[in-house]
Amino acid sequence: MELLLAITIGLLYASGVYMVLRRSMVKLIIGIILIGNGVNFLIFLLGRITKGSTPIISENSDTFLEAYADPVPQALILTAIVISFGLQAFAIVLIKRVYKVLNTDDIDRLSHTEDYDIL
Amino acid sequence: MNSVILRTAASFLLPLLIMFSVFILLRGHYLPGGGFVGGLVAAVGFVLHMFANGLDETRRLLMIHPGYLLPCGLSLALLSGFTPVLITGEPFMTGVWLDDPVPVIGSIGTALFFDLGVYLVVVGVSLTILFTISEEVK
Amino acid sequence: MTQLIFLPILFQACIAVLLLFFFGKVKIQKIISIAGSALNLAVAGGVFYVVRLEGSMAVQAGNWQAPFGITFVADTLAVTMVLLTAIVGFAVSIFSAYTLSGNRIRFGYFPVFHFLMMGLCGSFLTGDLFNMYVWFEITIITSFVLLTLGNEKEQLEGAVKYFAMNMLASLIFLTALGILYGLTGTLNMADLSGKLMAIENRGLVNVCALFFFFGFGIKAALFPMYFWLPDSYHTPPTAVTAVFAGLLTKVAVYALIRVFSLVFIPEAFFNNLFLIVGAFTILSGGIGSLVQNNIRKVFSYLIICHIGYMIIGLGLFTQAALAGMMFYLIHDIIIKTNLFLMSGMIIKIKGSTDIRQLGDIYNDHPRIALLFAISLFSVIGIPPLSGFWPKISLIWGGIEKSDYLSVGFILFGSFITLMAVARIWSKVFWKSSTVTAPPNAPLFFDQLSKRRRFWILFPVGFLSVVTLYIGFGADNIHLIASRIAEDLINVDAYIELVLGK
Amino acid sequence: MRKKFLTNIILVLIWVALTGDFTFVNFVFGFFLGSLALWLADKESDSRKYFRLIPAAISFVLFFLYELIKANIQVAYEVIKPTLHMEPGIVAIPLDLNTDLEITLLANLISLTPGTLSLDVSDNKKVLYVHAMYVHDKQEFIDSVKNGFERKVIELLR
Amino acid sequence: MLTAVLTGFIFACVLVFAGKPLKGRASLINAVVPIGLFVYFCAQIPQVIAEGAIYKSYSWVSSMGVDMNFNLDGLSMIFALMITGIGSMVFIYTSAYMKGSPQLDRFYGYLGMFMAAMLGVVLSDNLITIFVFWELTTIVSFFLIGYNTHDKGSRRAAMTSLGLTGLGGMLLLGGIILMGSIGDTYSIQEMLNSGIAFSDNAYYPLILFFIIGAAFTKSAQFPFHFWLPLAMKAPTPVSTYLHSATMVKAGIYLIFRLSPLLGNDPSWNNTLMLFGGITMLYGAWHTVFRTDLKAILAYSTISALGILTFLIGLGTKAAFLAALIFIMVHALYKATLFLVAGSIDKATGTRDILRLRGLGKYMIPVAIAGILAAISNAGIPPSFGFLGKDLIYEATLGMGESAVFLTAAAVLTNILLLYAGFVVGIKPFMGTRLDPEIKVKKLSPAIWVPGLILGILCIVFGIFPAVGEGLVRPALSAVYGEPFESHLKLWHGFTTILLLSGITIACGVLLYLFVKPSNQKVALMAKADFISPQVITEQISRGFLRLSIFWTRTFNSGYLGYYVITVMVFVIGIVGYELVAVLHVKVDFSQLKEVTFYEMSTILIMISGIVVAVFSQSRLAAIAALGVLGYAMCIIFVFYGAPDLAMTQFSIDTLTVILFVLIIFRLPKYKVLSNMRSRIRDGVVALSFGTLITLLILEVLAQPVNRELSEFYADNAYLLAKGKNVVNVILVDFRGIDTLVEITVLAIAAIGVFSLMKLEIKKSEID
Amino acid sequence: MTDIAIMIIITLGALFVLFAALGIVRMPDLYLRISVTTKAATLGVGMILIGAAMYFNEASITTRALAIVFFLILTAPVGAHLIGNTSYYKGVPLWNRSKVDDLKNSSNGPPENEVRKDEPQRPQGEQTAE
Amino acid sequence: MTIQLYLQFVILPLMAVTAILIFIRFLLGPSLSDRVVSLELLMTTAIGMICVFAVVFDEQNYMDVAVILALISFLTTVAFSYYIEKQKRQ
């Protein structure tokens, strides 16, 4: 399964980068979300995965009696997910606003050619 | 949205979701859940209400602008972090717990208030964002 | 006593939260922000003083012993950065209060600004790499908000690129953290230091380090990852750009310094990488600054150019080079902030940023021009002003390592800076301008009340005084920088402080 | 007022069941929480009779489950057989119900049983438009709804 | 002594705030400063002669080895006296010459600062301190050349001179730091005392390159000379002071100062001789082709500087002596000539030599000064110049085999210089008729007195050689290490030297009589401009700017896609390089057997979700696919024991989808914006990056795992932190600060969204 | 014994969900797909939940399972109604073999003519993607 | 055969097939509404799947995930409907 997940993560990164390279702002954000998912998955996988046992201590004991999934990557990913949600929410609204002001979704139309008439 | 069915359903769902959210919040220290998800569930309730009844209606329901939940939540979280500094002189964010667990809620300590702060902030954030946007969409 | 470490962070947090309670109330917010920033300056100064007096301190948040909790460490490097942040924060807070339009303040400028300050202090003080990531995210989101605050056309155009590149950077940073945790199972920097040393597969450690390099490198605007900076830094209100210029790229430089001295042991591969990248950064920034017509873009490219110095210093990694790098960092934070504040003043005076239209500042406002000259000459490194001393130290480092190419680039960078600044002086201050403030435009500098003019000038003057101190009191600054350089080379003290072994 | 109180009690029961903690304190807490939720959620109320609630509800649920399972099997058959023999259509059903709650309940019931889907309620709340899978005879369909679900709803809520 | 140096700066600072009253007539008061300093230095002379040097030390940036150590020895003394003496004259002259200028206070401020900086250069013992003051002179010069701020030519000249001297400054910095790190000190005295031999060091050539480069740019040696004529755009007092008498001699001073340290190698001498020789001939030659008084003077200054370099290059004691005397000679007569030229300009409004004649009777004192200076310049006895010229010839003649060649060059130069001096100092006053268009204004005494004083001194110093001798004696011992023994005399008897002097004067006078300045000659010279160093340098710098524009435009194209792809290629290149070297992962496909069907199908759905998100032509379909992808991830999180994660991911994904859905109104249709080629290129980059990540993951997974952290958390979550959901305990307790920051991020994002949607700024708001 | 009951209930539930899935693939128009799926899935998942509740046999889990069922029963029809309603007005067509369409002719019906007129009038590029 | 094994090797694959079928509809569309409906169904299926997991791994904590899924998934449908409705009005 690790192999499959690793390939999937690679695919998430690749598709994310591909989307970031597109010219549409919506695609840009989709790309960033894709990479973000890839990163979360990467942390999850590299923290080593354990099947089926939650890092929650059972009701009538003080510590774990059996194997449990590493809670640290989970906590890290949780934080990362929430943070990237904040950023994504902002970004999504940003494209809305950009479109409202500039009337385009095309990133390449956001750039002006500089006039270097210094010579 | 102009649907009687949705409106009626939403008015049932809202109290239910709020209650669930508190449940998720309180149980977070022992079971999956916590302030973040809890806050989101509460926010979902209000957002549903907004979809069904319109923004103005939901605003009236909430009475305050959801943005004010942000400083409230943040200061609650900060205060719970400060508590150990003030009480025992231990570092910021050290857990301070009441000796005996309280029924229903479990152990009461700074972590709980911290989670409550998280909850409030999340509700505030989700609602601020969604309200702002749907105002635009209107 | 160690609890003091939290103070700079929490103080800013409290100001910000307090400001949120007064959301939309312009006047109260101004008062709170300025008073808060002044107090914060005192707080940061106090912490700096205590650490200089009693040595580095560490505190474990939540009272969980390292590496299990989040450690906060106040060593000389960290407290110096915190103090600089407080200085910049104080100046910009005043400048903002007197120049920003009420609308921007009404929509949350000040709370976000103080959150940014908090994020910066957090990044400097934390001893935990993942925690540094979250502080970084604070600086990123606040910078997004500040960058777009106002929603003007230019701002939004710049914001998209800024957003994309910075998101990319933080995703790479996060990837690096994931790899690091996978390799070592820890996130505490002191702990990482030892654990990474024990890993046999050095290549993998290097790859991990590379990801950190790219993540921070994008934010620090290194070659060839700097492109977003000149495309966005000239767009928001001056007060905002001033903070960005002074602190935002530097926090990434700080992270590079910290990570590549404490966590990863500097190896030849990285030293060479830094040297090459640093040299090209100087080159790109320098020649970029020569050909721009927007005064803020010139300054933006200068930011890039001068980051190259610090990276070269990091690449040389000798006591002298590191001291030079730190000295430069100290100087650069103050000076870049001031340069952008000045650009704001120029806009206030003339209403334009186009070098071709500007002019006459020297003739119309000779004293203001002289005030500006302090910073302009400092940025060139005209001796004995502040930019001069670190360069000497850097060159020492280069000579020590017999790296004459780097020395050459440092000198070349200085020369280009000289020409770029001279060009500004000639075109903006000397020549006659084609724009003038329209009559009855109450927001232009000349038509402001005397009191307001004073308070707009005050931050520039304040920072100029600091710059002068850095230049003429170079001895003290060099001592601090040398102390930091020692700390960076001998990390054992840091590790012992955190892990208590 | 009474409706509020009753709803509150229901909420308390749900809460207690949810937490699985049948202590007095939890009841009190649940009541407190329920009132809070209601206070937040329900700013207007009209009183109703709840005397016949429990038996009517039980009969209602049983009827509903029966309909649900029956219809599901019917649809399951429809889905797996090789050819499609449906006669779908949208049918307007005149309503005898008057409150929003009643209409909603009916509409949901109709939607929940397979093969039918409430599409819309007319603006004057007198007609319910239902999409149905099998409209062999329009009137027959209308009657089945009116005699089935609508009657049960009226029994339950009036 | 520190006070002496700082006086100028303090004076300048005072002027910034209290300059107003010192503008009009009162500006003469400003001259008190240089005169006072001149007196101060005069008062030191006896002590210097008696003790050899006065050494004062003030600690400054000691931690960097930089202290304010001042060493007033013979050499410094000559320069200090020149600086303050000529400075006094210039200050007086300025008060009249610049009368009415609205920024006179500023001008005096610059002059004061310049004087201070120059004093700093010649008095400092510490190399870095020298550099500090050296750069200050550059900067002040920039301000003074660009004094007429609205004149484009002035600004360009200022930029050019700054560029060249600034470049030299960088070289100097490199040189002195190199010297410092070899010598382990920046104090010249300490270096001398330690007896260090730089010429034995492997880096000697580099030091030479740096130091000589610095000196040459500053002292306008060929091919860096051209900034000096351009600098004539500055007001005449500036040209007098900076660009003839003092600043340009800073380079000469530097070479002088360092020759005991660096001069014991033939490469040093040869370089100086070669460039000095070329410069003196080149400069002198060009004077013939100029018609502007100041231009002629500029080229003759270049030539004189060449002579000095040349002399120091000779390296003999006689040459040093000649150079020291010639510095003084030149300072006196050149300053006089500049003042004369300025006076003429002031009185007539022109400096065009073709139009100037017959001024003698209108401005007798000026004419006297001019003629005296021209005589000294020509080396006609009994002027000070005669003495100087004698010594030059003596030095060249003493050079053994190459004596003839060197002497010939010196003679030729002197002939041409004589011509130049006559053209400026005598020609305007000769003749009887004025140019009809020229009106001669009356000049105030403050204008002609300084020139006259200096002119007279040109002769006085000649008649009383002991004055010069007294000054030169300690200087020579400072730079040559040996005391000066012989005595300077005007009359040596009939010698070869006298013959040479005669030839020089005769040829020069003939040249003056038969070769007249003309516009044709100017035009003739202009034809050769394309190979002049100035034009070549300008072309190089223009080329550099073009390259800069190309570079900047290429990298900062403004297109986000290029930025990202550049970064990506950079990342892939370097990471790939490192990774390939260490990769020993063997992909073990057998582990795929353990993958269950439902896992496989979840992955399958994920991958299809990705594909739809990437390739869908419908934006909402892409977003919905993103949702599906997120939900599939939730399921995988559930597989591997992360319920909290699944919950959060699910709620966040739902919210994101909702946000997208709400926002997407009115956005234009997805369009295919890129062509196939760029899509393939992007695809290749993206896939390589993805592959890299996959390989990296597999490599890391092969490493041993450390679970110290999670074990601690697991053991203590309930016992110490009273929670059973370890993830939540980490979030609110162990790593609570992360969460605190995280919610802050959310709060800020909410503010951001609020302001993004609601804030509208009016165009009139400038901030 | 309970185990077998649980297995049966869960199997039935899974099958209902499977039918729903088959339905959504096979049904010819949107409305039929909604009709088939919403409830089949609700019933199926409800049964699975009850099976799980029986397995754990614990009050808190049972209530949680019931809560989910309750929630699904409450929301599924509303969702189905909403999406059906809006789709209808957006113009998602009925299957061509549909018999009647009362809504079309009612006062609530879609403003057919307007829609048609509207379509080509939208400015190019402004047109919203689906 | 224990209940766990049965669920793992019979029911879970069955549900995986279900999910794939639903996803096929998602891919096919053709209208947005179809995708929304299949998304909703997918989420409902996920609830079931998670419950089955809870039994398979004997991990009651997973039930909470199902609760959250049930609570929140409805919102997606409502939002999409909202979108479709608004779009219609334009």
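Each chain carries a letter (A, B, C, D, E, F and G) given by its place in the written order, and its residues are counted from 1.
Heads up, the rule we're going with is that a contact is a pair of C-beta atoms (placed from the backbone, for glycine too) under 8 Å apart; a residue touches a chain by one contact, two chains touch by 3 or more.
No experiment lies behind these values; they were computed from the predicted model shown.
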item	value
Neighbouring chains shared between chain A and chain G, ordered by label	B, E
Chain closest to the middle, measuring from C-alpha centroids that were averaged per chain	C
Contact-richer chain pair (by C-beta pairs counted) among B-E and A-B	B-E
Centroid-based (C-alpha) most distant chain relative to chain C	D
Reference chain F; chain at largest CA-centroid distance	E
Computed distance of Cα centres, chain G from chain C, in Å	48
Gap in Å, rounded to a whole number, between the CA centres of chain D and chain B	30
Mean-CA-position distance for chain D and chain C (Å)	62
Computed distance of Cα centres, chain D from chain A, in Å	41
Multi-partner residues of chain E (each touching 2 or more other chains)	545, 549, 552, 556, 558, 560, 564, 600, 618-621, 639, 641, 643-644, 647-648, 651-652, 655, 658-659, 662-668, 670, 693, 700-701, 705, 707, 709-710, 713, 724-725, 731, 733, 735-739, 742-754, 756-758
Set of chain G residues in contact with two or more other chains	15, 17, 19, 32, 36, 53, 57, 59, 61-62, 64-65, 67-68, 71-72, 74-75, 78-82, 85-87, 90
Junction residues of chain C - those touching two or more other chains	13, 20, 61-62, 130, 134, 137, 141, 144-145, 148, 151-152, 160-161, 164, 168, 175, 179, 182, 185, 231, 290-292
Chain F residues within the chain G interface of the complex	3, 6-7, 10-11, 13-15, 17-18, 20-22, 24-25, 30, 33-34, 37-38, 41-42, 44-45, 48-49, 51-52, 55-56, 58, 61, 64-65, 67-68, 71-72, 75-76, 78-79, 82-83, 85-87, 89-92, 128, 130
Of all residues in chain C, those that touch chain A in their complex	130, 133-134, 137, 140-141, 144-145, 148, 151-153, 156-157, 159-161, 163-164, 167-168, 171, 174-175, 177-179, 181-182, 185, 231, 290-293
In the complex with chain B, residue positions of chain E that touch it	643-644, 647-648, 651-652, 655, 658-659, 662-663, 665, 720-725, 728-729, 731-733, 736-737, 739-740, 743-744, 746-747, 749-751, 753-754, 757-758
In the complex, chain D residues that touch chain F	14, 17-21, 68-69, 71-72, 75-76, 78-80, 84, 86-92, 107-120, 122-123, 127, 129, 131-133, 135, 138
In the complex with chain E, residue positions of chain A that touch it	1-24, 26-28, 30, 33-34, 37-38, 40-42, 44-46, 48-59, 62-64, 68-72, 74-75, 77-79, 81-83, 85-90, 92-97, 99, 104-108, 110-114, 116, 118-119
